[in-house]
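All remarks here apply to the structure that follows.
Order as written gives the chain letters A, B, C, D and E; numbering starts at 1 within each chain.
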Amino acid sequence: MPAEAAVRRGVPQALTAAAACETSGVSKAFGAVAAVSDVSVRVERGSLTCLIGPNGAGKSTLLACIAGLTPVDSGRVVVNGEDITTWTAHRRAKVGLATVFQTTRAVPSLDVLENVMVGCHPWTRTGFVAGMLRPPWQWREERSMRAAAHEALELVGLAGRKYVPAGSLPLGQLRLLAVARALAQRPSVLLLDEPVAGLRAGEKARLVEVFTNLKRQRLTQVLVEHDMQFVGSVADRVIVLDRGGVIADGPPAEVRKDERVVEAYLGSSSL
Amino acid sequence: MRLTLIAGAAVFACWLPFQLSQGQLGLYDRMGLYTLVAIGLTLLMGFAGQVSLGQGAFFLIGAYTSALLTVGLDPDDRLLDPDAGIDPVLAVVVAPVVTAAIAAVIGVPLLRLRGHYLAFATLAFHLIMSSLLFAQDRFTGGQYGVTVTKPLEVGGRTINGATHAAVAWALVAVALVLSANLVRSRAGRALQTIAVSELAAAGTGIPVATFKLRLFVFAAALAGLAGGLFTFYTQFVGPEDFGIVLSLQFVLMVAVGGLGNVYGAVVGTVAILYLEHEVRELGTRESLLGWDLPAQAPSVLSLGIFGLILIAVMLFFPRGLLPAVVDGARAARRRAPWTK
Amino acid sequence: MTTFLQLIVVGISTGSVFGIVGVALVLVYRTTGIVNFAQGVFAVLGGMFTFELRPHMPLLAAIVLAVLLAAVLGTLAALVAVGFRGRTTHLASLVITVGIALLAEAILLATVGEVPRSYAGVWRHAWDVGGVLIQPQYVLIAGVALAATILLTLFLRGTVVGQALIASADSARAAELVGLNVRAVAVIAFAVAGGLCALGGALLAPTVPVVYNADLALTINGFAAAVFGGLTSIRLALLGGYALGIVEQLVVGYIDPQYNLTIALVVMLVLIGWRSRRELVA
Amino acid sequence: STSDKQAFRGTVYLGMDTPLTGPQAIVGQGDRETMRALVAYWNSRGGISGRRLVVDVLDNGSNPSQAVQNVQRFVGDSKYVGILGSGNAAAAVATAPLATNGRIPFIALSPPTTIVSPPRPYVYVALPTSRLYAYNMARYLRRLGVRRIALMGDNGGFGRDGVGQVESLARRYGLTVTQRVIFSPTTTSFTAELSRIRNSDAQALWLWTVTPAATTIVKEFRQLRMSQRLVLTGGNLSPQFLQGTCPDVNGALVNGYLGNVWRYLPKKHPSRTPAQLVERLVKHRISVFNVDASTALYGFKAAMVRGGFSRAAVNTALETKLRGLPTPGGRLYFSSTNHSGIQLTSMWAGRITSCQPRPLFGAAFRRR
Amino acid sequence: MSALFEIERLVVRYGEAVAVDGISLRVDHGERVALIGPNGAGKTSLLNAGCGVIRPASGRVRVDGDDVTGATPAVLVRRGVTQVPEGRHVFASLPVEANLQVGAYGRFFSLNVISSTLRYVRRRADVRDRLDRVYTLLPKLHELRERPAGRTSGGEQQMVAIGRALMAEPRLLAVDELSLGLAPLVVDQLAEFLVRLNEEEDVAILLVDQNAVLALALCERAYVVETGRVAVEGPSSELRERAELRGAYLGGGP
């Protein structure tokens, strides 16, 4: 009985069903500031959930809690059926979590392609010794990383700039690079914090396609974004956070009409 | 093409000492040994973003390890029995191992510290090692150090003078190849990611602490190896050769050579040591440009000229000599009409 | 008990010296992002200038003039250390300050020579307070350290000028965009820090004669103190100085004078580790 | 100079390894200054048995490893017949074995007892060892009626060596060591150690250090108004120390060998003339470094004159033919069993007055 | 009459790469001008060169007809040209309120700290006023005023950067990515405010924004920049109708 086993492991019953990613009662405070308080959300496999809310609502903090970049004060995080609350961030990445940060910096000493190859870390194994001595299998692995990175760049439309030093990328392309790097991780759950900020409408349209395709490949995505037009075109479901708590949850069209959301976030004359 | 160039340079570097005079040889040998340390430091600082102001401490540990193992660890045995220690070759091999082990142990707490905290912690580590050398004098010989009489012999051939320098530079070549490979590999890219943001690196699946520690240990091992050989460069180890200034000097070397390129370590080390040597020769003269030099002239000149050149280099080439040369060459090629 | 008090008194005394250099280092770092390896030089200059001026004027005037001179030289150092606009990295600046320190040693050696310099302080002898000997010169130094800490903290926290100084180290780009001049900020910081160290040095010379190459030890001890506050907290830099000084003296008194530095550094490392751990959590 | 070049029958070379830069630069500067002055003087007087003397100087930057490089250069070049070893002690320790192995006479300009006891072939010291300083001062203290002493020494070679020597011979001179402090010279204030000694029943504080800490200790000693006598060693008779601690150093007990105090020697004393000459040549009051270097050079000169111009000949002459050679520092008595040339007869003890040493000689302080 | 701000055949190079390839642009007193273009077109480079952050390879920058090419940003700030930089750049360790105050003080700053501070203090009432206005516009900042700016969320930092620029009493406000990371409600309010600022106080505005619809709605005139050159230029109403712009910048349209 899986439920029984779960009880024995101390996992609340509600968490055991096959959600891809789930938080229960997650709270995080920075000193006196409660950034996230008692948030429980549950994301289905292969879905794309948008997280929206006013500035400072706690969206980025919630993603950071899931990705393990900041320890939670209380609550649990479960991904792919595994309780990962106490795991380190890099261990979480190994089991399929990938994150695009709100502010990313590329590694300036590497070119764009190599930056994306960094994303291949979780599924490759060349360590220090192999890196120094370069046995044949290392070459093979390097080639496969190159190929994967190239593919990710093609997907986001940055392949044309793959040999450009990453330090010279303009803001918009930096976002694309971050998305490509996350994709190169071959994640099962993708956390995206404003991945299309600073892109024009045409460039956003391309990413709408990318994310929609990923959904078809059963990839679970949680995405933070302020561009409601973009949200409307990709989201299966929208969760609205305000002051650290969930104030609305549902399909995009429904949430748009929610009074509290309009008041706190959208404003009356949303463009 | 690139590989033949490197191999050619390595062969040249190992052949050169046999052509040098006694006076130049010492300088050249020292350049090789210090370069080994600088390579480790440039990996730490230039690629992983970890500032170490205590690389000299690992050099010190390597040197004392090989010296003490060679003469015998037990201070009482040492006095009575000239054969108390182990084979020098073995001692040189053990030196980097011991150094790496110590680095692995202290690295765990130290590398939790970041930025200036780490810089200070490594500096403190060196200061602690230095003062222990004086305090534990029965064991280390205190200020008068340890004189090693046994020569370093491999297959009946004594490794000293030109052969010693050749060995040092051969190791430099090996270390350079390994390091250049490393930085262009998965692990190297991971380290460079760590330098930019440890959090972002962790989010990408890089075990930050482990990787930092491994690199720290590797850099320490290089310094320990250099130190182990250094013992047989002078057949003597004493604390005055390993003052805190040495650690600072290594930082100057990698900064002047240029971070972000392992070959910068070679350029920086050679440049700094050569400059130091030339300035010292200058100061030893009795007169300069027809002026009789006063008694303090050697110190004044060596401090002053060295200081001025440091200032000038970093003002005009803030990223270091090697990047400046590379950029210059690139610009020249662009300007040259025949490339169009 | 007397022994213990004696050790604490001496610890706070020497700790104040480290604290002054530490506070100066923090001031420069906090406002320019540069770790000034030439900071100790200014303490040496303070002592040397006072020594040279002493025969021509009263002690107080000599000290004031020495401090002003050091501040002027601080200005020069700032201009060199900051380098050309937008080109110099922090590491390059650090190396430049090392160069400045060496150059200063050379100039001092050529002009003043290698003789340690000292002069009579305000009081000739130590005070005996219930068996505890107190060096009056150190009382002055401790006063300066405390006053400097309080004033600089108030200045940086509470005045718009202070905030502007901090701003320029936080983001040089943004500082330029609001109209601050990074070079001018550096000049102010280096001058104030230089003057402060010079004052400390001038007060120290009557007990610890100054030599041209005394700067490295001062800088390193100051760095240890400053790092206690992450190079950003003036208050903690002074506390770091106290910690270093007191632990050193306790080791001298109760363990073995040979290990004073070793144990003091280990204690500092533990404290720093504990502090930075807390910082991470916060 | 070049004009009288033809007058020489040849040239004889010595090597000098010395710290001209780095923390010990003062020592090397003084040594080299003396050497230059004496060599120029001797060459202007026809050289050494008609040969021009050339002393090549290499700076070791106060680093033993550089010193090893320098001495290897001298050893490897057969034109050098002798070496003036480094004035920084560790460098001398590091390089002495090279001289033994290379069979080239080597006179160290620093006092580590270890390199001459037991005597090693080719290695000599021409200044008092710490053992000699200890003996000499202990005799003086006994005469002054001092019974209980506190010892302070730095944890470098000189300090440890000195403290150790005093402890081993204290009993013989009726001295009790009440306190013994080995400190690290990086300490900023010694008030705590000094106040403890101040409150003890020690009658004298014997200080063994030539590090910069020495000046601080003397300053604090006076500021704390300590009632004990302050005892220093000959190593402290450098102008840097004496000027740096003036006037606080006045009244301290000190001992040394002859060169520093030639003024007080009887007119006919054999060391008076050479010491006076050196002082005239260096154009300032003679310092301990001037005495060290000139004493060694006098030794080399006599050995060449009496032995010849090969390494072996110079070495044999040093060991067998000097027999009490008068030098600025005193008489040099080398023998196959004794490579430390200065003996008790060349030592004085006294006090510092007006920031200069004022000596008492031989019988004056030996009597009880 | 000369334009408030004028850029003439400006070229910006990074090593061999040409980011801005001879762009000319003009903003008159009290005008609102938008700059539109795909990522990597050179908008940021153009603004940076115009504001003195980077040195142009050639071309001229004029303020009120005076040549200020190659001048530091401080000079431009003093002449009334203030930039909201792309990518936030807040003073991380300073409290939010101090960020704003330094924004007002910067204009007066000089090596002569005392006189510059006195000048600032004389305007204290003024500064207080502006501060209140910024707080009314962005009430979030008031809430956060004691928090170090580095410990606020991405969008909050963007607000700080905008508020700081407003504190400098600009005559021309150059905003690089206004809406980046901001909630729609805030963007609306800001847009409204900028128009009011422009109309009531004659502050000219040079706007770069990801949301071309917004930018065109806000501004009277626009330049479309592509690969370092001006592709199209004209009144916003005209540009909005151009078919080739629709797909790339305006999206499906409102």
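Criterion: contacts are C-beta pairs under 8 Å (C-beta built on N, C-alpha and C of every residue); 3 or more make two chains touch, one makes a residue touch a chain.
The shown structure was predicted, so the numbers you read here are calculated from the model rather than taken from an experiment.
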item: Connected chain clusters in the absence of chain B; value: one piece
item: Shortest contact path, chain A to chain D, counted in steps; value: 2
item: Farthest chain relative to chain A (centres taken as mean CA coordinates); value: D
item: Cα-centroid distance, chain B relative to chain D, in whole angstrom; value: 35
item: Centre distance in Å when chain B and chain C are each reduced to the mean of their C-alpha atoms; value: 30
item: Multi-chain contact sites of chain D, meaning residues that touch two or more partners; value: 25, 155, 184, 186
item: Sequence positions of chain B contacting 2 or more other chains; value: 131, 134-135, 296, 299, 303
item: Residue list for chain A, restricted to those that touch at least two other chains; value: 30
item: Residues of chain C defined as touching chain E within the complex; value: 85, 159-161, 163-164, 166-167, 170-171, 173-181, 184, 187-188, 232
item: Partner chain C, residues of chain E touching it in the complex; value: 51-53, 72-74, 77-78, 82-83, 85, 89-94, 98-99, 101-103, 105-111, 113, 117, 120, 150, 161, 164-165, 168
item: In the complex, chain B residues that touch chain D; value: 22-23, 26-27, 30, 131, 134-135, 137, 142-145, 147, 149, 230, 233-236, 238-241, 276, 280, 283-284, 286, 295-296, 298-299, 302-303
item: Residues of chain D that touch chain B when the two form their complex; value: 20-22, 25, 28-30, 32-33, 36, 57-59, 61-66, 68-69, 72-73, 76-77, 88-91, 93-94, 97, 112, 114, 155-158, 160, 184, 186
item: Parts of chain A lying in touch with chain E, wherever the complex brings them together; value: 30, 33, 53-56, 60-61, 102-103, 168-173, 176, 194, 197-205, 226-229, 264-267, 269-271
